[in-house]
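Next come the structures, one after another.
In what comes next, chain A is part of two complexes: it sits with chain B in the first one and with chain C in the second one.
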Partner chain A sequence: MAAELLEHLREQFLRLEQTSSEPSELLQQRRRALEALLQRGFPTTRHEDWKYTSLAPVLRYRYEVGAPASEELPSLSMVQGLPQPQLWLLDGVPHVHELPAGVELRTAERFALNGARREPLPGQLVDVEGDAFVALNTAFAPVPLTLTMRESLPMPMHIGVVTQADAVPRLGQPRLLMSVASGTSAALIFSFAHHGANPSLTNAVFELLLQPNAALDVLLWQDGLADAFAVTTLAARLESGARLRVWTLSFSGALVRNNVYIRLAGGAADAQLYGVTMATGQRLVDHHTRVEHEAEGCSSNQLYKSLAQERATVNFTGRIYVHPGAQRTNAYQAHRALLLSTQATVNARPQLEIYADDVRCTHGAAVGNLDEQALFYLRSRGIPEAQARKLLLYAFVREPLEALPSDALRELAERSLAEHIQLPIEEFA
Partner chain B sequence: MPVQQDEVLQQVTQSEYKYGFVANIEEEIAPVGLNEDIIRFIWERKGEPEWMLEWRLRAYRHWKTMQEPRWAKVVYPPIDYQAISYYAAPKKRHVQSLDEIDPEIRRMFEKLGIPLEEQKLLAGVAVDAVLDSASVATTFKEKLAELGIIFCSMSEAIQKYPELVQKYLGSVVPYTDNFFAALNSAVFSDGSFVYVPPGVRCPMELSTYFRINAARTGQFERTLIIADEGAYVSYLEGCTAPMRDENQLHAAVVELIALDGAEIKYSTVQNWYPGDREGRGGIYNFVTKRGICLGRESKISWTQVETGSAITWKYPSVILKGEGSVGEFYSVAVTNHRQQADTGTKMIHIGRHTRSRIVSKGIAAGHSSNTYRGLVRILRGADYARNYTQCDSLLIGSSCGAHTFPYIEVLNPTAVTEHEAMTSKIGEDMLFYCRQRGISEEDAVALIVNGYCREVLLHLPMEFAVEAQKLLAISLEGSVG
Partner chain C sequence: MSALLQIRNLRVAIEGKEILRGVSLDVYAGEVHAIMGPNGSGKSTLAAVLAGREEYEVLEGEVLFDGQNLLEMEPEERARAGLFLAFQYPVEIPGVSMATFLRTALNEVRKARGQEPLDPIQFLSYARERMSWLGMEPDFLQRAVNEGFSGGEKKRGEIFQLLLLEPRLAILDETDSGLDIDALKIVASGVNRMRSPERSFIVITHYQRLLNYIVPDVVHVLFDGRIVRTGGRELALELEERGYDWLRSEGELVLPTLGEQ
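This part shows the complex of A and B:
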């Protein structure tokens, strides 16, 4: 199955390579990535990082890569209530609607430039050859883009990530290298959607460079994936004093893997990771985080809350890695899940790997069910059981949303969450 | 303060491993290497029945198809399994009574603080002394026999109680389980066997003392403990080895079986030679320990204090099969110098209303690496299962590593699991508080470490708790983080 897909990918690569006009440096990187992928193949559950997530359902299809079926912007309603995206990534290909002031978008052509203003080649923050999905993305991503934020953005920038599988199964591979200038602040919302009747796999790789004292909020809003597959790798490097917050709202997709890799490279940097997961039906949601403390005096915090219902599976693997010399580190991590059905599964691997002594690192993981006493309390106050149950689920899982940067965003996220729980939130407002 | 710290640290690093002597005992040692002939040699020497040979050979053939596990967070050069001698036993060991024991062996055990004369023993501890591959003495046998309790060496059990051995040997840890369990099944030479009949509460602590003496040998002992319905037994295990530049392999298998309402308490104070401060020599302690709560309301409790061994690779586990059964794991693991430990537990919840509790305290100093690795698995049918896990690590010095790798797999919605872990150093505030009250820095650290491990040490029987506290003091006194 995987072998067939790999062969299919190899054939497509040879075709694309012949017609490519990309600079040789980039082409070489693509070829190395493809060779690494072909050699190592896709990971199986024997691979420690994929122990609980079988890719078999994803690797069943012969995905088409390359140019999208249509150049037209689809009339998609992305996240309800959000303004239309300012930038679309349709099957990985950028369509600029309107970029905010201070944001610059450049494409691969710039790699050919000689002299002082060469762009950094993407792939600095991810394992281009060792990670199968990063290799896949590197080999095929239509246009590696660099998005540079030179000024603070007053409003969040919305980026729509859409994979269109109208005629054939499609592999959409957005690739972005984002850089936030020193001392500025910004917020980015990535909303994920699938379009069409065929299966699709969105394999996104986002690299983030935060210059000293930059501040960035990122929302990965996975609401429109329906039954599609998605693997997202978000890798960030924070210079001194930089602050990053990442929310992963995972409400859709048949199999969703979210890798969030953070390197705290400069002193006193801070990273906060939040996750809200609603897994129903046969969904499988797999969160994978790695926070590396490389410099002194950095802090990090992770808070993931999950609901596993029906036949769904929620996996969480989170690692805090403290490098030698990263003294005065404060790192926290918590994954709490409610397991609500006899057919559902929760697997958690909270991990600490620590090589410095002046640290304070904690992690916690808990799996349980609703508190019967709380349920009784609500029922004794006249709230019907079904309603009370939903209210408690909602209250449990919404905690990571509290820190969202604006009230408007928080309300939007809360409303979306309430819809998925089928809780008429207005009645309780 | 740093000057003082250095001094104290130096004292610690120079403190000698006091069990590192070699006793001059005449031993019969098997030719170096491993093949079917060696297994026949061991089998012949032990005069075992035919079925044991078949079992050993099956295990050996399976072992040959297996790969040595490399997933643990430990680093060591490849082991040459053909360079080890798999059998070493003192020549003069067939004795009718304890008085006939080779005086050299007696002196050695006395030096270790394990007198084999019954009258000298602390009240209520029966000892099985295992030297290299063979059990040399078992005390208080008769007194225990009055209650129907069988406490003897494994070799004796194979001869005298074949039906019990055949029924339970390999039932918890089959030879197919892992690489080292397969190797052990093929070549194990001795160990302890305990059977406590229904309704009997074993009146004294049973204890085995393991000693590696011969060079270029491995120790492969096998322990099997069966607590029949409503029985109770508390078992202690201690171990030491001489100081040598080479690494010696210790690959034991321990199997515990608790039937309805039975309780087994298994305590280990592991003090194998850890190697010198540069990491030369020391024991590779690759051990498989597992218990099964077969019966309803049964209970198995593991308590371990791990201070020795160059490398520790062990995960004492409990399979909670009987309804309402309880599994416990209390561990203190200390690593110093170049020691490496990858240890933890597995709690497999199968039955309804099963409960488990894990308390693990890791202390890493010097250039050592200390890893907790544990699995809590709640299967679909384990309604109302409950697990609580707490694993803390303490780092002393900036060149060591402390790691936590728990695996939590929950498949039942009525189950509740909780896991908490924390890694930190000894707080300056705690030290300051003690110093302010006139306690020396060294005593303050001892006090804090003791307090840190208290929850585990409390679960050790009295004699062992004293020994464990001394061991902790030797390993860590004064090493302020």
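This part shows the complex of A and C:
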């Protein structure tokens, strides 16, 4: 199965390579990535990082890569209530609607051509050859982009990530290297959607460079993936005093893997990772986080909350790595889940490696059931059981949304969550 | 006219242990009944079974509420039919605001009565008015359900819900415990304000002091799962003075309850 897909990818690569006009530096990187992928293959559950996530359902299809036949924007309903995206990534191909002031978008090939490169080629923050999905993305991502934020953005920038599988199974591979200038602040919302009747795999790689004292909020809003597949790798490097917050809202997709890799490279940097996961049916959602404390006086916090219903699976692997010399580190991590059926599964693995001595570090992984006392209390006041249950699920899982940067955004996120829980919105407004 | 609540020979067990061993009780519309009795005698069990708690096993007996077979109804159906339990230990629910909870509950109850639902603004003004009856802080509605409430705040919150939902039968399970004197008076005045010829109360308490403020029509003593004595409000005074031991010495003698007269 996987072998067939790999062969199909190899053939497509050879065709694309022949017609490519990209600079050789980029092409070489692509070829090395492809070779690494072909050699290693996709990970199986024997691989420690994929122990509880079988890729078999994803690797069954012969995905087409490359630009879609039509470059027209499909009529898409992205997250309800959000302004339309200023930038679309359709099967990885950028379509600019309107960039906010102070934001520059360039294709990476221009970078490579520019002898006096100011910013690095994509691939600095991720393991291009060792990580199968990063390699896959590197080999094929149609247009690696750099997005540079030179000024503070007054409003969140919305980027619509859409994979269109109307005629054939499609592999959509956005690739972005983002850089936030020192002392500026911004918020980016990535909303994920699938389009079409065929299966799709969205394999996104986002690299983030936060210059000293930059502040960035990122929302990965997986609202419109339906039964599609997605692997997202977000890798960030924070310079001194930089602050990053990432929310992963995983409400859709048949199999979703979210990697969030953070390097706190400069002193007094701060990273906050939040996750809200709602898994029903046979969904599998797998969160992988890795927070590396490389410098002194940095802080990190992870708060993930999950619901596993019916036959769904939620996996969480959270790694905190404190390097030697990273004194005065504060690192916290918690994954709390409700297991709502005997056929649902939650696997939580905190992984701590601490090589400094002045470190405050806590982690917690709790799996519980719905509070029957609370359920009875609500019902005893006249609230029907089904609705009381949903209200309790909603109340449990929404906590990470409280820290969202604006009330408007928080309300949108709450609405989106409530819809996926099927809690009637007017009941709790 | 038949009683609003009719309990006939109710026997209830939990985990194989019989807690209520044949309770019979009639509560007519407009009446206030007090139930007293030593710790562990089954008072909260009776309240919980009436409210619809599922972990109890009904061995025998029948309960009619306004002619309906109460024991066959879901807890939410009982609430919508007009039954209300003020919990001895109100439950904390982080993440759900009092406003969300109570508006949802009120609109369910209103729907059952054939009334239009209240929108958030209508709800707020209705709720604020009733909060003022109990001297409650305005931020109360924004707080999570009972989370971090003091003992007294929780009890006051229960009575506030009673004022809001306007049930036909309210069961108050030790609403007075943990209240200071002033709070006790406020809570009692809230209850008294709700007294009407259509509404009944069952007040469970250990202290006759509460009954100075909420004056009962009838006082029952529940002892070891049975109502062993029924009298007027002077019975409460007698219990205060003599405790329960003299009833124990009366042994298994089962006295007639009002319902059997």
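Going forward, the second predicted complex is superposed on the first by the 421 of 429 C-alpha atoms of A that agree within 3 Å, B and C clash if a C-alpha of one lies under 4 Å from a C-alpha of the other, contacts with A are read in each partner's own complex, and residues count from 1 in each chain.
Simple rule for what comes next: a residue touches a chain if its C-beta (ideal position, glycine included) is under 8 Å from a C-beta of that chain, and two chains touch if they have at least 3 such contacts.
Worth saying up front: this structure is predicted, and the values here are computed from it rather than measured.
Chemist: Is A:376 contacted by the first partner chain B, the second partner chain C, both or neither?
Modeler: second
Chemist: Taking the superposition as given, does A:327 touch the first partner, chain B, the second, chain C, both, or neither?
Modeler: first
Chemist: Per the contact definition in the header, classify A:345: touching chain B only (first), chain C only (second), both, or neither.
Modeler: After superposition on chain A, A:345 lies in contact with chain B alone.
Chemist: Check the residue A:353 against both partner chains and state whether it touches chain B (first), chain C (second), both, or neither.
Modeler: It touches chain B, and chain C stays clear.
Chemist: Quick one: classify A:367 as touching chain B (first), chain C (second), both or neither.
Modeler: Once the two structures are laid over each other on A, A:367 reaches chain B alone.
Chemist: State whether A:407 touches chain B only (first), chain C only (second), both chains, or neither.
Modeler: After superposing on A, A:407 lies clear of both chain B and chain C.
Chemist: Of the two partners chain B and chain C, which one touches more residues belonging to chain A?
Modeler: The partner making contact with more of chain A's residues is B.
Chemist: Should A:98 be classified as contacting the first partner (chain B), the second (chain C), both, or neither?
Modeler: Neither: A:98 stays clear of chain B and chain C.
Chemist: Intersection of chain A residues contacting chain B with those contacting chain C?
Modeler: Chain A residues touching both partners: none found.
Chemist: Could you pull out which chain A residues touch chain C in their complex?
Modeler: My answer: residues 371, 373-374, 376-385, 387-388, 391-392, 394-396, 398-399, 427-429.
Chemist: Would you tell me which residues of chain A are touching chain B in their complex?
Modeler: Against chain B, the touching part of chain A is residues 48, 52, 324-325, 327, 337, 339-342, 344-369.
Chemist: For the complex, give me every residue of chain C touching chain A.
Modeler: 51-54, 74-76, 78-80, 85, 87, 90-96, 100-109, 112, 120, 145, 161, 165
Chemist: Under the definition above, what is the set of chain B residues touching chain A in their complex?
Modeler: 71, 380, 393, 395-425, 481
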